[in-house]
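I'd like to ask you about the structure that follows.
Here the chain labels run A, B, C and D in written order, and each chain numbers its own residues starting at 1.
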Amino acid sequence: MFAEYTASELTSIFAMQGFAGLILFSVFVLMALGLAIIFGQMGVINMAHGEFMILGAYITYLTSNLFSEYAQNLFSGYFFVAMLLAFMVTFALGALVEWAMIRHLYKRPLDTLLATWGLSLILQQLYRTVFGPREVGVTLPDWLMGSYPLTDMIEIPINGIFVMCITLVISVGVYFWMFKSRWGGQVRAVVQNREMAGAVGINTEKVDRITFALGCGIAGVAGSAFTMVGSTGPTSGQLYIVDTFLVVVFGGASSLLGTIASAFTISQAQSTMEFFLSGSMAKVLTLLVVVGILMLRPQGLFSLKIRK
Amino acid sequence: MTATSMGKDFVLSVEGLTVSFDGFKAVNDLSFYVDENEIRVIIGPNGAGKTTVLDLICGRTRATEGSIKFRGKELTKLKEHQIVHAGVGRKFQNPSIYEDLTVFENLEISFPRGRNVFGALMFKRDKEVIDKVHEIAELIFLKDDLNKQAALLSHGQKQWLEIGMLLIQDPELLMLDEPVAGMSVAERKLTAELLNKITKDRSVIVIEHDMQFVADIANRVTVLHQGKVLSEGSMDKVQNDPKVKEVYLGH
Amino acid sequence: MSYGLRSFLPKNDMINILLLAVLIMVIFPLSMDIFRLNLVGKYLSYAFVALGLVLCWGYGGILSLGQGVFFGLGGYCMAMFLKLEASSPENTAIQSTPGIPDFMDWNQLTALPWFWEPFHSLSFTMIAIIAVPVIFAFIVSVAMFKRRVGGVYFAIITQAIAAILTILIIGQQGYTGGVNGITDLRTLKGWDIRTDEAKYILYFVCCALLIGSILVAQFVRKSKLGRLLVAMRDKEDRVRFSGYDVSNFKIFIFCLAAAFSALGGAMFTLQVGFMSPSFVGIVPSIEMVIFCAVGGRLSLLGAVYGTLLVNWAKTVFSESFPELWLFGLGALFIGVVLAFPNGLAGVYSTYVEPMLAKWLKSLKSARPPMPSSTADSRS
Amino acid sequence: MLSKTLSSKLKKTALALSASLLLTPTITQAEVNTTGLAVTDDSVTVGILHSVTGTMAISETGSVQAEKLAIEQINAMGGVLGRQIKIIQEDGASDWPTFAEKSKKLLVNDKVAAVFGCWTSASRKAALPVFEQYNGMLYYPTFYEGLEQSPNVIYTGQEATQQILEGLDWASKTKGAKKFYLLGSDYIWPRTSNKIARKHIENVLKAKVVGEEYYPLGHTQFNSVINKIKLKKPDVVFISVVGGSNVAFYKQLKAAGIDMTKESPLFLTISVTEDEILGIGGENIEGIYASMKYFQSLPNDNNKAFVEAFKKKWGKDIVIGDVTQAAYLGPWLWKAAVEKAGSFDVDKVREASPGIELTTAPEGYVKVHKNHHLWSKTRIGVAMPDGQYKVVYESDDLIEPDPFPEGYQ
């Protein structure tokens, strides 16, 4: 299929395609990281994850409207404010949800799935009531649009770079928080032995609440970032849910590194297949391969062999 | 492994057994043999690998290396239920019973019949089953609680129920993980009595911390330390072994 | 303890099943016009799925978020037969290839695909309605349960399967009718299924099959297999060490649930007159779990009532307060899960039944109350 | 043959007429309604059936608003045959069986004289057997894939060829396009549309299709296909992506450094109306072309009055897309047919429908074809940053509807 193209064309296309894969990878990581923290560390399945993301997107939309109304001259910087706000609002909502709902369900993981599904219905309707049933258009500052031409053929989308940067910052942040901070140590202690952690003076309730809220907060930032590449509507969150869960499960639920590795594998597979096949078939094949591998290796890509 | 143990027909021969978790060898090149009708007690400090040994024998954990032969049959390749069918029964450290079911149903489920899907569908609660359940219930001091939901039993009663669930399978090798843990003194006494009754026609492996209890029931004692056999022999011999003293008293 | 009918159908259960039968087969038909009754018939076809979920989720602890797949497969098998009958060469004379379904003609298919051929036969179709979903369920469940995939993983993988199947059906429109589904189904062996009379008959067939399925489920529940499922949900390891191959039981119950769902799908197609991918995907699958949860995941009859109630509420509320409906459904769901994990049936057995018993007792102080063996003490 | 059926029908009507004469005192009522429709001496009831809830509510709201506006205007003008139109509105809830159920309710229980409704093909396909069984009349507003011609439906939107052929011809003639890339969401409308487009491109325009691609509904990652477009360098990308995917596609297109206003390649869509642009953002889609029959910016007087009335009733910020206008035509076309037939009877309205003309349509002049679709013009508009299209081309003549196009299947 490449006979009619020159070598330089092919090189640049493969470079671009690799870059497209990287963007998809960043998107997957952003989507999945919050869920991986909640699912992997707490065993809670948050079906409303997509709705938390969309909340972040709506916050971004509101912020952009506010800035264009009252602070036009600061508009180019609004996106950072929006992401911060998105994080804070979804973090707060997450804490509230944990307090009202999740904490009663820790011993029934499958039930968290059902209850959060109910939550997702409520949030969807809430968005519809408040923002209307239509998708809203989020205006981006000019510097985030367009691309940077590397060569004649290769154009690097600036918002793609931006998404990758956010992903990197958040991943590194989560890494330090989980593995280097005192707080992360407490979280891991609670995961491993709740009673013991409680006995040595860790406030397990607080750890749970903040872990859950943090997962939601990351979802909010992800949603905020996705206004650059996706749609913002009451039901947009539903679009992400299958992909997100598969990334987390495929990575091996308890391992954040696994989530990243799995996001990388799936995104590269999908973007490669999309290039050679039609989009729909690529999607089906990717999902089939992932499900197939999960059947052969249910523990996912990365998992610790632990002593029962 | 002593010279005399070679070439004899053991009920259970464990040879060169090793299992490692991410490089940590919980059981390391372990060998021991259990005789017909022998009561073997395994003791050792925490983390010595006692429970892991039982897990390995009953198939809950897969061995990295080594062999476990039960009446000449290699167990390491079998699945859990096949090992049970071969005649090995195992009691867990925490009483593992079905809390949602009654005592009767707990025992009935353990009755060795109708173990495949179709058999379970067509299983009939006939006289043979009922008689056997009553017989075992009598033995484990629960004959008045048959219709009680298992969740409502006391801790000691739960331990007995689990022992009963094993007895109804009539295993040739019975493995008990801390059968008297958490029991009152009175319950302990009854349990020792019970064990004496039920160990008549089978080989038994017991893990226990209570030294008095061990002395009461054991034929032979194996001391594990860091996944290896530290000492083996009669209670007296083991108690006077300087290596054992060092491990137990040294820290 | 005498065995036989009494043990599998204690008097209490028998009365309750009879009550349900009277409700759906006598009271509903007498009190509703055919339009409403046809709606109830549609709801009842979802109840098959909820029934299967009681067995595999409530009893087996296996939560499947892909029951729509089996509902859809059963429904599609039925629809393929009906579509072929509706696409006789006479009816489709204006097509470029007469005798094949209209959507195939539009997609330039010039011959019937091989896998459609056997669906000319009604007896094959009847077998396929059950066999195709069950074989599919068998393959999925063997792959998963033999490797001890369970709980959350199973739920998510079944969800992914539902997503895959939906994309496939929509994408392969030449073979499946695509997003529109298989529509305009008319006759079954020459019998017009669109008339009011036919709708009555189909409604009663649906009821009869549902009661039959409830009895089968009841038999399973009361057999030792039912107790084993409860035991497995509680202590899977212990069951293994009592000498059972746990995975086989899970496979069986999952396949049975799939068979129920498929039956419901086929009845759905017959009563509604078409089948489309919108009943295969994730959202309908989760909705069916909602029906089951609201009714009570441990109660066969509860699942049926839950299905009827949620759908009835959906119809009524979405007509009068479309804005509030999703709030209501979401809140109902959270409320049930948080406060009444055993659903309506749980509410009934913890609050209503003791009151009834007390009341009955005061009427005539005889007969001890029946022990309930299905109490779920998990906290 | 024709005259025979006609005369037998006349006879039947006469019989029915005389029968009702005996039974009912009001002659007028009986004359205009021999089949027991919900018609009284001063009112007639019609149904509106769209999704007000669920995922499709986004798209269908505009249609409901347009139909209500038209009915209000008709009532203000004195109604139909002297009768005020009453509306029974039902919610399809984005659920196809519900459409079938509610259709049946409207036809059987409420005995409405006509139904204005459905939006997706799936909902129409589900409801169609009901309309055929109970002999109802459905006015269906959406542009769709064609391949259907029911005596019980009047299709007020375009079937596929009306939208596609003229647009492709325009791209070929005025822009000299030689290479086309076809891209759509993966379902029946885009696939059928692209099938027709491919035949036309290859057989009539003698040009080349360099790619044809479909993505699942709701897909949000289009970087790979954008790369493919860059590699294949088509002159025209012909797009039928729908729903939330639209937003993602155009944003990613812009981010990938493709300036749509440069027309290299030229983007020609048949799926993005002014409604969709609201969600995409005008600045993200500036420069693409759309092939439709109606744009809100059409400069004729009919349209100016329509837009003004619409905004007055539903709010000044509202936008009006192609389908909304088509939905607006429904009640007017029905009124004209009823008045021509002198009766509300569905059979008579059906007979009267072909040939009905509407000179007051916002899109200009339309006429009902005997295949129940509309003759209408095709327009090409270019998207402006304010979210409106500027009309750059209009077909000279009305385009004949051809739901079963020969040589395109």
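Basically, a contact is a pair of C-beta atoms (placed from the backbone, for glycine too) under 8 Å apart; a residue touches a chain by one contact, two chains touch by 3 or more.
This is a predicted model, so every value here is computed, not measured.
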item: Contacts common to chain A and chain D (chain labels); value: C
item: Distance-to-centre winner among chains (Cα means, whole assembly as reference); value: C
item: Of all other chains, the one whose Cα centre sits farthest from chain A; value: B
item: Distance from chain D to chain B - Cα centre to Cα centre, in angstrom; value: 76
item: Distance between chain centroids, defined by C-alpha means - chain A, chain B (Å); value: 48
item: Computed distance of Cα centres, chain D from chain C, in Å; value: 37
item: Cα-centroid distance, chain B relative to chain C, in whole angstrom; value: 44
item: Junction residues of chain C - those touching two or more other chains; value: 167, 171, 325-326, 378
item: Shared interface positions of chain B, touching two or more other chains; value: 60
item: Residue numbers of chain D (touch at least two other chains); value: 186, 214, 216
item: Residue ranges of chain C in contact with chain D within the complex; value: 35, 38-39, 42, 96, 102-103, 105-108, 167, 170-171, 173, 178-181, 183-186, 194, 272-274, 276, 278, 318-319, 322, 325-326
item: Of chain D, residues touching chain A in the complex; value: 55, 57-58, 61, 186, 212-216, 218-221, 223-228, 230-231, 244-248, 251-252, 254-257, 275, 277-284
item: Complex interface listing, chain A residues touching chain C; value: 39, 43, 45, 101, 104-105, 107-111, 113-115, 117-122, 124-126, 128-129, 238, 241-242, 245-246, 249, 253, 280-281, 283-284, 287-288, 290-291, 294-296, 298
item: List of chain D residues in touch with chain C within their complex; value: 52-53, 90-91, 93, 95-97, 100-101, 104-105, 108-109, 120-122, 125-126, 128-129, 133, 147, 186-188, 191-192, 195, 214, 216-217, 409
item: Chain C residues within the chain B interface of the complex; value: 1, 3, 7, 219-220, 223-225, 227-228, 230-231, 233-235, 237-246, 248-249, 252, 371, 373, 375-378
